[in-house]
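Chains here go by letter, A, B and C, matching the order in which they are written, and residues are numbered from 1 within each.
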Amino acid sequence: MFSSRRGRLAAAVLAGTALALTGCAAGGNPLEPGDEASGDAETIIVGSAGFAESEIIAQIFAQALEANGVTVEFAGQIGQRDVYIEALQDGSIDLVPDYSGNLLQFFDEKSEAASSEEVFAALPDALPDGFEVLDQSEAEDKDSYNVTSEFSERNDVTSLADLAGLDVPLIVGGNPELAERPYGPKGLTDVYGVDAAKISFVPISDSGGPLTTAALLDGTVNIADIYSTTPSIKENGFVTLEDPENMILPQNVLPLINSKKASDTVKDVLNAVTAELTTEDLIELNGRNQGDEKASPDALASDWLAEKDLF
Amino acid sequence: MNAFAEAFVWIGDPAHWSGPDGIPTRLAEHLGYTGLTVLIAVLIAVTLGLYIGHTGRFRGVSIGATSALRALPTLGLLTFLAIAFGFGIRLALIPTIIVLVVLAIPPLLAGAYSGIESVDPRTVDAARSMGMTEWQILWKVEIPLALPLIIGGVRSAVLQVVATATVAAYISLGGLGRYIIDALPVRDYTKVLVGALLVTLLALVLEGILISIQRLTVPAGVRAIRTTPSLRRQRAYGRNASAASRAS
Amino acid sequence: MTWVLANIGQIGDLTLDHVLLSIPPILLGFLLAVPIGWLAHRYRVSRGVLLTVCGLLYTIPSLALIVAMPTVLGTRILNPANLIVTLTIYAVALMVRTATDAFDAVSGDVTQSATAVGFGAWRRFWQVQLPLAGPVLLAGLRVVSTSTVSLVTLGALVGMSGLGYFFTNGYQRNFATEILVGIIGTILIAVVFDVLLVLAGRILLPWARVDAAARRNARTARTKAVAA
């Protein structure tokens, strides 16, 4: 789809080979940061986080930009936020879809912002210089703690606030990095007063996907972090625990971009996309990606653009 | 080098020496996966290797097959087994051990059959002419003489399994790989380095132990006549082969 | 099967990327390992050190090495060089031992004869030792090639392209077919590389098939390299 990508990898492989040769032979470093790939202003490298929904949104961004004459390269499934932010900062990518609340907390763990508007307003100050977010979409996908309906009934738990009074050990399942996040097990202790000794954590590297669901169903874990747009929550009748203290901030989808690449055309295109994207769209797209259809992110992106009659 | 200093500080911190994510627990898990894997793999591969070496049958096939096993991408096989047979993360140990056994088989098999083959055919013929049965030849002549090479295969297998058992963490198991897989998404280089250092240290310690065992298993007779020129060749071969396994 | 047909474009792209990422470490590993192996063969002192260092390199978990590369090389985190350098290191670690054996296996009588008829060290290396070591070197290279192609899949864990993408992606959406396609693709690439290397060997080393000793040496070397 993005014709330039192949050429880019070939060139990069050559450069890498040269680097390996000289690097091993002389310990030199011919690749100064900043002299490759993303140098020219017309090309935008679109990256995505290491889970399917991010890749689907990134594909939507990429295809929309390409339809408007912007040269696009694509670097999918880079990793989690720490990784793609670093990739953004070192120029490996220029644009990535992100989620407002977690993005804010990443740069400002102490932020007091609670509502979607407050979070969005706080972002420009929190972001490092040279990077900005464009309009946020109403579409939201956030971390959410889920239990089986049986667990919920038996223990009378419908909210994170109920967990502190529970005398069952909590086995939390989620992506490995959840252990380090302010809304992870630490947050359950700090914000909701759950005894840390009662919590254990099972890392499952599928970003709240089918294995996390299976682990919750078979009892390997009894509470799981599943992204709120994942169709399996509804399909399995999981109970998403309420979060009265707003430990998990609102997470509206928005483009995070290198300011140098944020031309008027780029802004207009991306803002038109985010204006149309809804939470229901995300649930549907994820369903088609993970369900029986196993549709690829790039096919889903073109379908969505066609359906919304964009570009 | 600063990174190394930080990694050593991390390792030295008493807080990291207790609890479910502490170094002793992770180390024990890692050793557990390694031990179980090597045990199963030895049963399969050494038996096969002894058969191939003793009978001389299927040698070509086995080289091809072990080489093909190497082409199997570990991560692919692991994720495939984990989801294709519904092991999920509850039974994650099963796919993990299968994958590691697959990895351990080639060096063990090659060590066993090249060990048996390195035994001078004249020695075997002599044993046969003394009226030994094939079992006796295998157990009393071939295996003792092949033991250093067989243990050499075990060494390679152990090293590879120790280094690769880190992938178990990708499907939610423990072991030292946990430090690497957990630190990867948050780019905590110190912790990645801690994982790598501990794995490498563990490999070195196991290597040391196995080298000692390998030395002890050289039969007394062979050791005594090492100075005899005609036998030096065989000794040199044994040394080469063990060095070859060290290369892994 | 429907999935394969529907995604044939992506499968092709990732296969091509996989091939592109596999070739440099194999070639570089070979080019670096031959001189190192020769040094280890030629100078007894260097032998122990070189072979031990190579053995050590192989015990470093590959993921850790890839992640450390941007810091070591000063590269960007998505630069393919990170993967290429890492895999080159493993290729060298694996190949040096075979290369040393390859030169060891060249008969001392032959080398001495070459010296006796007036070959200098340089000419002796290129015209006598290297060609005679060829079959064993090729045996080692085949193993390096296979293992490199398989290791490229790890790049998927750090955002690199290649067939490993199907492993992480398939795992995340519980889709075994996708993973299987990645496994089969990886094996096919390894097989094609192997066939090409064998063909190249037949063309470049025509004597290897005739000479029984060379054949035996190559077979032993392959066994050892597989075992390593």
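Note that a contact is a pair of C-beta atoms (placed from the backbone, for glycine too) under 8 Å apart; a residue touches a chain by one contact, two chains touch by 3 or more.
Just so it is clear, the structure is predicted and the values come from calculations on it, not from any experiment.
Ranked by C-beta contact pairs, the top interface belongs to chains B-C. At the far end from chain A, in terms of centres built from Cα atoms, lies B. Averaged C-alpha coordinates put the centre of chain A at 39 Å from the centre of chain B.
For the pair chain B and chain C, the distance between C-alpha centroids works out to 20 Å. Each chain gets a centre from the mean of its Cα atoms; for chain A and chain C, those two points are 36 Å apart. Annotation for chain C: residues touching 2 or more other chains are 156, 158, 168, 171, 174-175.
Each of residues 50, 79, 83, 86, 205, 210-211, 214 in chain A touches at least two other chains. Shared contact sites, meaning residues of chain B that touch two or more other chains, fall at 82-83, 170-171, 181, 184, 187. Interface residues of chain C facing chain B in the complex, by the touch rule stated above, are 51-52, 54-56, 58-65, 67-68, 71, 93-94, 96-97, 101, 104, 142-143, 146-147, 149-151, 153-154, 156-158, 163-164, 166-168, 170-171, 174-176, 179-180, 182-183, 186-187, 190-191, 219-220, 222-228. Looking at the complex, you find that chain A touches chain C at residues 1, 5-6, 9-10, 12-13, 15-17, 19-21, 23-24, 29, 31, 33, 36, 50-52, 75-79, 83, 86-87, 90-93, 205-207, 209-211, 214, 289-290, 294, 296, 298-299. On the chain A side of its complex with chain B, the touching residues are 50, 79-80, 82-83, 86, 175-177, 179-180, 200, 202-205, 210-211, 214-215, 218, 220. Looking at the complex, you find that chain B touches chain A at residues 20, 82-83, 88-90, 169-172, 178, 181-182, 184-188. Interface residues of chain B facing chain C in the complex, by the touch rule stated above, are 3, 63, 66-68, 70-77, 79-80, 82-84, 106-107, 109-111, 114, 153, 156, 159, 162-164, 166, 170-171, 177, 180-181, 184, 187, 189, 192-193, 195-196, 199-200, 203-204, 240-241, 243-248.
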